[in-house]
Amino acid sequence: EKNFFLIAGPCVVESEELVMEVADKVFGICKKLGIPYIFKASYRKANRTSGSSFTGLGDELGLDLVAKTGKHFHLPTTSDIHSAIEAPLAAEFVDVLQIPAFLCRQTDLLVAAAETGKIVNVKKGQFLNGPSMKFAVEKIQKAGNDKIILTERGTTFGYQDLVVDYRNIPWMKEHGVPVVMDCTHSLQQPNQTSGVTGGNPQLIGTIAKAAIATGADGLFIETHPNPAVAKSDGANMLRLDLLEGLLEQLVKLRKAVI
Amino acid sequence: EKNFFLIAGPCVVESEELVMEVADKVFGICKKLGIPYIFKASYRKANRTSGSSFTGLGDELGLDLVAKTGKHFHLPTTSDIHSAIEAPLAAEFVDVLQIPAFLCRQTDLLVAAAETGKIVNVKKGQFLNGPSMKFAVEKIQKAGNDKIILTERGTTFGYQDLVVDYRNIPWMKEHGVPVVMDCTHSLQQPNQTSGVTGGNPQLIGTIAKAAIATGADGLFIETHPNPAVAKSDGANMLRLDLLEGLLEQLVKLRKAVI
Amino acid sequence: EKNFFLIAGPCVVESEELVMEVADKVFGICKKLGIPYIFKASYRKANRTSGSSFTGLGDELGLDLVAKTGKHFHLPTTSDIHSAIEAPLAAEFVDVLQIPAFLCRQTDLLVAAAETGKIVNVKKGQFLNGPSMKFAVEKIQKAGNDKIILTERGTTFGYQDLVVDYRNIPWMKEHGVPVVMDCTHSLQQPNQTSGVTGGNPQLIGTIAKAAIATGADGLFIETHPNPAVAKSDGANMLRLDLLEGLLEQLVKLRKAVI
Amino acid sequence: EKNFFLIAGPCVVESEELVMEVADKVFGICKKLGIPYIFKASYRKANRTSGSSFTGLGDELGLDLVAKTGKHFHLPTTSDIHSAIEAPLAAEFVDVLQIPAFLCRQTDLLVAAAETGKIVNVKKGQFLNGPSMKFAVEKIQKAGNDKIILTERGTTFGYQDLVVDYRNIPWMKEHGVPVVMDCTHSLQQPNQTSGVTGGNPQLIGTIAKAAIATGADGLFIETHPNPAVAKSDGANMLRLDLLEGLLEQLVKLRKAVI
């Protein structure tokens, strides 16, 4: 009987101390609970709402810290890429290349990611349904790569809210690939007048439980020791000290599902 | 530890044979699985898309068959009402008065239902969120009745689809009342050019599992021995012979949640 | 070449002074601009979000004041009804029976309104598209009444916003009936945590201009000398002193369209 | 008093014959009607739903044909770009760089386009509202370029439909830039199971008229002598022989608005 896997970490590489602290804590919890763990941090944020928001420490430094963290804990790692030319660079440092939701239709990017031979995790666009992700899968397969993950991260629901449609879990599983629920970005509240995306972190458990119940193979959760001071997506990250309790419930739920 | 309860039956009172057959089968399954069961059938359909669709056998005959079924199996019963004057009539026959989603804002109807002293089950309008159901709860309470259930049945998502937003489960539970997931109508595909609402019955399990995982207290499932010939909502009813297998999974899931 | 017609007045019959003041002012403007005018005020508000909001002066007093206003200015009048039993009562006082959007699928109500022989103005539900309003039209026609108006009033767009889809204007005109744009309720911001629906009255001109340009036959505009103190829908009513300037622009636009 | 401007052409550079035929016809109509005209054709389609759809003749050949067409008719030209590295290349050939809606949040792309010194036309994402486009404007301005256009192209409305929210016209005009309505892509029907986006070309006039009435400064219309055989977006392009009649009506409307 298989457990779900977890993609987790801070939203962005803020500093070596932060990524090591988060990875250390999550690594320990996952080991204890038998959850395969992929360390995640973005080395660059290319699509912040506002141009004055933090975008990262610099590409190579950021990627290097992600890789270093993975090596230290013997963990696979992932980060997101935003253009075709980033693919080979990032592939030297991480095991899973993540395609952002806004970019899931960019053929060049999907093909470049595919051609690295790494696992490609495509987030479903906020404007797409699960069946349409078939075309993203096919673009990657056609480029010779069968290692594909699809991630649900909520759908546009009016301007200032997203809704998670759980029909997308079985619909995307029909494409023959593992399906992940992004519990963090699914709770975003976009288009806020402040230029800072809002959130509802108290609902992370609701989003995650429904995902496990409906058959998700993995969960994506951004976590931070103190989300209030995080440099990106603070409004939705799970407080690191709440992660263990949540994962315990989810493991129990998973056993009832499989 | 408490199990969830089930509101189930055929969509509409088609005939005595039908309601008895369905009630008998569901009664047996629920007894076996320890699920409290409320028998449901509409005695009249007042809001069919098209004026030429079947609307029922006649009010008194329909209500009488619902009550007879309840008495026969010693089951509580429920049916929906559509105007204030129907409330006292229906209250003589059923234990739970159900308020249709389109009508959940009609103060007169809520008050009339409340004043019967029966349990009032208000379906959340396709245009409302869970927090707004507070006002429906308050209208009923102010009329002197605290026996309230709230039911999620999907939200308008473009014209021809509904989406179930599971945040509504915890949001509605905050009003201090039991919350039910209507697994049948949540899968409707409205505004079809045929004038007959479509559906996705193969997703009933997905809708139900996510509901149990996120804390729903009850499930609403319309079921029919042969949905293809049903006189209303055939596109979404669960085939009666699939009910037991689904409920077994859900009971297992429920135990992992509580 | 025909001008558009106007359905206008205060949202609800607050007092004789108010309805007379509004009718007098609008009557004068419409006469000057050659706009056929139907006086509108609700005699009862049956679906307020919150049970503690103002619902009217009482049915007969409210209806009587609507009728009195119409007689005084030789104007046709309209008010909305909420259940089948109200239809014959209201029909004694007004010329156009308006069916609220939430109730546009209630067959009994449509038939009762139809049977009065009055003009029936059905507001399109926030959950319906224009083509589906065919079924409302057919229910009324089948009850022997061909005097039908359809009104667009916005569509559910996330929980706290509505969007006006102008495709509904030509789509509803295909049903062979006059189509009205409700410029007031289309700007509602529902599901506010306060229990009071919000609005965007500065956009009334935008909503109205697009409606005239796309072929709407009539406009519905609630107006009040001082929306800030209005007892219902204050957040969206047009300040009475702004009406003339807006209508002048719209008449100019109309001439360019026909 | 100023007329609106028109951005028009075939969706994609299919052949020299096609772009010349379309440009010639549209050039003649616009000259006659006093409409400033910008010739548009995509030299590459980077985000087709399906990987097997036509993507263009090759970058340099495509760009060269766009530029050649512009020179021949003394017309400004535009094409869309999909990554930062394309910006300086495309800027050698066209006058307006268009940013696709899915990419309107990609800071690198906006900055690269801005730095060419060309006019940058940003399409509003299907997941954004007009006020949020302020951040796109600011990113371009901060990169030293004030020549900005914003384009409305519809908003996600369920999975298989888009809706045009005309509030975005005044909302985007508040950013101090010209606002264009894309009458073609606003009518897309995405997420079709065929992998080919559908459409509603008979509603192009409705979309355009409402845009002019609400103050749009420009219109974007893809047109083709025979949309049925077009290699991209055929479902929404206007038949070339219908363009003149439509533009005549719109010019008349424009005069009534300004």
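List of remarks:
We call the chains A, B, C and D, going by the order they appear; numbering starts again at 1 in every chain.
The rule is short, and it goes like this: a residue touches a chain if its C-beta (ideal position, glycine included) is under 8 Å from a C-beta of that chain, and two chains touch if they have at least 3 such contacts.
The model shown is predicted, which means the values in this text are computed figures rather than measured ones.
For the interfaces A-D and B-D, the C-beta contact count is higher for A-D.
Put simply, the C-alpha centre of chain A and that of chain B have 37 angstrom between them. With each centre defined as the average position of its C-alpha atoms, the distance from chain B to chain D rounds to 48 Å. We define each chain's centre as the mean of its Cα atoms; on that basis chain A and chain D are separated by 33 Å. For chain B, residues that reach two or more other chains under the stated contact definition are 155, 157, 159-160. Chain-to-chain contact here is organised exhaustively, every possible pair of chains being in touch. Put simply, chain D touches chain A in their complex at residues 46-51, 55, 82-85, 102-103, 105-108, 125-129, 131-132, 134-135, 138-139, 142, 155-156, 159-160, 190-191, 193, 195.
If you check the complex, the residues on chain C that touch chain A are 157-161. Against chain B, in their complex, chain A makes its touches with residues 155, 157, 163-167, 169-170, 200, 203, 206-207, 209-210, 212-215, 252-253, 255-257.
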